[in-house]
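There are structures below to look over.
Two complexes are shown next, each including chain A; its partner changes from chain B in the first to chain C in the second.
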Partner chain A sequence: MSTLRDSRHLWLLAGLLGAAALGMMLLRTVLMPATYGIQGPYRAEALAEIAAQPSLFPADATCHQCHEKVRHERDGTLHEAVRCAHCHGLAVDHVAKARLAAADPSVPIPPAAEWDGNFLTRIDLYLTKDRSTCLSCHEQVVGMPADFKKIDPAVHLEEQGASEPTSRETCFECHGGHDTAP
Partner chain B sequence: MDGHPLHTAPFIFPNDAHPAWSIMIVLYPYITGMVAGAFVVSSMYHVFHREALKPVAKLAVVTSLCFCACATLPLLLHLHQPQRALNVMVTPSPSSAMAGFGFIYSGYMLLLLVDVWLMFRPAIVARARSLTGRWGQLYRVLALGVLDISPGAAAIDQRLISALSVLGIPVACVLHGYVGFLFGAIKANPWWSTSLMPVIFLSSAIVSGIAVVILVYLFLCRWSGIEAEPECMRALSRLLWMFLILAVAFEGVELLHIAYEQEAEWHVIRELLGSKLRFSYGIVQILIGSLIPLLILPLPAFSHRLAARCRDSWSGVAAVLVLFQVLAMRWNVVVGGQLFSKSFRGFVDYPLTWWGREGLIAAAVVLAMPLVLLFGAMKILPVWPPGIDDHEGTIQ
Partner chain C sequence: MFDVAEESRRSFLKHATTVTIGAFSLTILPSTLAEDEPQVTKPGQLPILGNPPAAGHGASPKPVYGFLIDTTRCTGAGKCLTACRVENKVPEGQSRTWVERYAHLKDGSVKVDLVPETGYAGSEIPPLDADDVLRAYFVPKLCNQCVEAPCNQVCPVHASIKSPEGIELIDTDRCIGCGYCVQACPYGIRFMNQDTGVADKCNWCYHRIMRNEQPACVEACPTGARVFGRLDDPESELAKRLATVPTEVLKQHLGTIPLTRYIGLCDEVT
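For the complex of A and B:
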C-alpha cells in the first residue's frame, strides 16, 4: 500500500505518457493520407496527380511535331534514343515562341545561341559542333559497359586520320550531328 | 589546374552538382553528439560511481537535455518544408534511415526528460510548496500535483534514476551510432560508406560532450567565483584524453584503410584531402584539434603539482580545441563527402553564405540555442551551484 503511495507520481507520469501516446496514435489516424501505404510508403494517389501535371520539359515528340526533317535523319539510327536536349538545350522557351509563331507569323523565333561549354547551362536553345558534347557520352572511362560504342579520342582520331585532331569540331569531319554513322 | 583530368568537364552528374547537405547537416551530428557525450559524463557518476564527477553529474544531464532539445533545429532549418517534418514519423517508411532516427531521438528525449525530472523532483516539490503565484503554479504542474516526498518515494526515485542512467548509455550509443550509420550506410559515397562510421561518430560525440561539460563547468565556476573541484577537473581531463585517443585512432585507422587499399576512389579522396579539405582536415582536425590536445591534456589530467588556475586553463584550452576538432570532423565528413563528383573525376564547390536559413549566422544562432536553454533551465531548476542537497528539500 505504501509503495503504491510512494510511487503515485510515477503512476501519474505513466498515465500522462500513455495518454500522450494514445493522443499521438489518434492524431496519426487523422494525419495519415487516405491512400498511404497501398503500394508502398507513399500516397498512391500521388502517382495520378504527378502524371496529370503538364510537363515542363518538351520531349523529343514535341520537337518532332515541327522538325520532321531531323526526325527522318535520326529515324532508325542508334542515336534515335539520344534526346534532342543533349545537344540543343531544354528549348522550353523555343517551343513556346515557335508555337506563337505558328499562329502568328509576325512573331520572330530567336535564333539558337552558341553553347557556353557548360553541361548545366541555362541557355535555352543552342547549336554546337563541340567534340565535348559527343565525348560526354562516348569517351572511354573506367566502368563503361563492354559493348557500348566508346572511343579513346586520341587513338580514334589518329586511326581514322582526322585532318585537324585538335579542333573542337573535329568529330564532324566524318560524323553528322543527327545521323552520326560515319 | 587546367588540363588535369580531375578538372576538365564533363564529370558532374546532375545530382552532385550542388552539395545539398549544408552546414546545418554539419551541426546536426555535432549537436546530437554533445547530447550523447554529456550524458556519458553523468553516467560515469551515476552508473560507474566515479565520485570525482559528482559536481558535474547533474549539470551534465541538464546540458545533455538542452542540447537534445535543439538537436533537430538544424534539420528543421534545412528542410524546405519544415511543416512536414513529422511526416517522417506519421507515415514512416520501413526502409528510411531517417524515420528510424525520429523514433530513437524521441525515445532518448523522453528518457532525458524523465531522468531530469526525477533528479530535481525534491527541489520541484519544495518549491511547489513554498512558492505562490505563477511560479508556484508552474512547480505544482511540474510536480504533477504530488506535493510530498516520503523516504520511500525518494528511494524509488533513486533506483529509477540509476536504472535510467544505465539504460541511457546504450540508448545514447544507439542515438549517436545511428547518426553515424546515416552516413556510413550510403554506399555511393566512398568517403562515407564504412561500417566504422558509427563508431567514429560515437567516439567523437563522447569527446565533444565531455569538452562541453568541461567548458560549461569552468565557466560557471568562474561566474560564481568558486574554484573548480581539482579532482573533478582531473577526472574530466582524463576522460577527455582517453576518448580523444579513441576517436583519433578510429579516424586515423579509417583513413589509413582507404589509403592503403588504394581502391578506385582513393585518387579522388587524396586530391580532396590535399586541396579542398587541406585546411579543415589537415590543419584543424588533425593538427590543432587532435595532436595539440593529445599532447597538452596529460598535464591537467595527471599532474598533481599544477596550480589550479593553470590546470583549468590547460583543460579549457584543450576542450576548446577539441570542440573545433569535432566540428571540423563533421564538416569534413558531411560537406567533404559532397565536394567530389560521384564520377570520381572532379570537384564541386560549397558556397558558404553569411545570411539565409542555412548561412553562418543561422548556424551560430543554432549553436548558441542549447546554451540559452541551459541558462533558462538554471533559472527553473537548482542545477547550479553544486552541493545543494535537494534530498532535504531545501534550496538555497
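For the complex of A and C:
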C-alpha cells in the first residue's frame, strides 16, 4: 500500500484540474457570442444585422410611384436604363416627405434644388439640365465600346455649326431630356 | 538513481497532463459537434438565410448567387462607383468596387489606369491619344465571393462569415482590425475602413439581395455591364447569359473558385 501513501497529492491535483476546467467553461460562456456556431463558425445573428442595413440607392420604381409621366417619357428610349438618381440625386429626404404627404397633404414636399455641378453632391434632390450631365457618360473616352454613342464635344459642336457651347443647357437645344430624342 | 515509486509518479504526471489537455479540448466540443451533424436538404433545395449551411465545418456552402461582368459593355462612366459609395457609406478615397481601364498601345505596352468616380470627363487624367491605342476596354472589379475564400480562412476571430448563400461577409462587431484578411485576398478587394477601423469589403450588397433587390452597382449600371442574379433560376438574365456566352474568372490558377465571372477578359487582367 506504499504507492498510495501520497494519495492526498492526487486529490489536490484532481481538485485543481477540476476547478481549472470549470473556470475555462465559465470563461467560454462569458466570452463566446450567444449565437456562435449555430449556422457555422461565426456569430449567426451578424447575418440579420448586415441584412437589416437600409437600401439607399433608389430603384426607378420608387420614383415612378408618383412620377408616372416621366416613366412613359422614358419608356423604350435608349436612356431607359439611366437611373433617376444619376441626374437627380438620391432623393432620400424627398421620398420620405412625399410618403408623409401622401397620408397628410399638409406636409410640404420641398422643391428640387439647383445642381451644384458635382455628381457626388450631398444635395438630396436636384435638377440637372446641364451639358456636363450628358458629357459625364457620352464624352468620348478611349476604351468605350464601339457601339456606344459618344462625342468629342469640340468636333460635335463644329458639326452643328457652333464654335462654343451657347449655354450650359446647350445639349438640350437639339436633344430631349427624358425622352432623349437624338 | 530512481526508485520504482519515483518513476511511476513521473509517468503518472505525464499521463495526467495528457488527460488534462484532452479534457480542456472537450470544452470546445459543443460548437464542433453542431457543425459535424449531417445536414438534411431535399434534392434541389438550396441553403438560404435562416437555414443551416449545406455542408459541415470547413466546407463551403453551395453558392446561390452569381455575378457577371461584361467588359464589352462597360463605358467607364463610373455610375456604379458612386452608387456603391452612397449605398455602403464607403469613405472617400477607399472603394469596395472600382473600374480599371486597360489600353494596349501600338508600341506593345499595356497601360492601366483607374476610372475616376465621376468619369473621365472633367477629370485631371490626361486623355490617351486614340491614335496610339490598338485596343482598350474597361474592367469593373468587385468581390469575387470565392467559394474557397482565402480571406475567410485567415480570420483569427471568426469575423469573416461565409453566409449560407455563399456570400462573404464581415462581422464588424467581432473584427479586431488585424488586417490579416486584407493581406490574404489575392484580388485586393478587402481594405481597412478608415472610419470604422475594421475590415471592409464588397458583399454584393447583401442587405439588398436579401430583399430581392439588385446590388447598388448593378442597379446603377446604365449599360448592363454588371449582371447579378440567382444561379438556380434558369429564367434569370444571369443564368441565360452564363449558358450562352463563354466566361472566365480572375486568377483561376489560385483555386479560389470565384463566383464573379467575366466576359471578354484578357490575359493581362488579374
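We adopt the following convention: the second predicted complex is superposed on the first by the 123 of 182 C-alpha atoms of A that agree within 3 Å, B and C clash if a C-alpha of one lies under 4 Å from a C-alpha of the other, contacts with A are read in each partner's own complex, and residues count from 1 in each chain.
Here is the rule we go by: a residue touches a chain if its C-beta (ideal position, glycine included) is under 8 Å from a C-beta of that chain, and two chains touch if they have at least 3 such contacts.
The structure displayed is predicted, hence computed values, not measured ones.
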- State whether A:F148 touches chain B only (first), chain C only (second), both chains, or neither. second
- Message: According to the stated criteria, A:L13 is in contact with first (chain B), second (chain C), both, or neither; which is it?
- Response: both
- Touching partner for A:P41 - first (chain B), second (chain C), both, neither: both
- Would you sort A:A59 into first (chain B), second (chain C), both or neither based on which partner it touches? second
- Task: For A:A102, select first, second, both or neither according to whether it touches chain B, chain C, the two together, or no partner.
- Result: neither
- Of the two partner chains, chain B (first) and chain C (second), which one does A:F119 touch, if any: first, second, both, or neither? both
- When the two structures are laid over each other on chain A, which of chain B and chain C touches more residues of chain A? C
- Message: Tell me the contact category for A:M25 with respect to chain B and chain C: first, second, both or neither.
- Response: second
- Task: Based on the superposed arrangement, let me know which partner A:S132 touches: chain B (first), chain C (second), both, or neither?
- Result: both
- Message: From the superposed pair, tell me which chain A residues show up as contacts to chain B and also as contacts to chain C.
- Response: 2-3, 6, 13, 17, 28, 32-33, 36-37, 40-42, 118-120, 132, 136, 141-142
- Listed in rising order, chain C residues that touch chain A in their complex are 5, 8-9, 16, 20, 23-24, 27-28, 30-31, 34-35, 49, 52-53, 57, 61, 72-77, 79, 82-83, 85-87, 101-103, 117-122, 127-130, 133, 136-138, 158-164, 169, 171, 173-174, 203, 205-208, 210-211, 213-214, 216, 219-224
- Message: Could you list, by residue number, the parts of chain A that touch chain C in their complex?
- Response: 2-3, 6, 13, 17, 20-21, 24-25, 28, 32-33, 36-43, 46-57, 59, 79, 81-83, 85-86, 90, 118-120, 132, 135-137, 139, 141-145, 148, 150
- Over in the complex, which chain A residues touch chain B? Could you list them? 2-3, 5-10, 12-13, 16-17, 27-28, 31-33, 36-37, 40-42, 117-120, 132, 136, 141-142
- Query: Quick one: in the complex, what on chain B touches chain A?
  - Reply: 9-10, 12, 14, 17, 86-87, 90-96, 110, 114, 117, 121, 143-146, 150, 152-153, 155-156, 160, 264, 343, 345
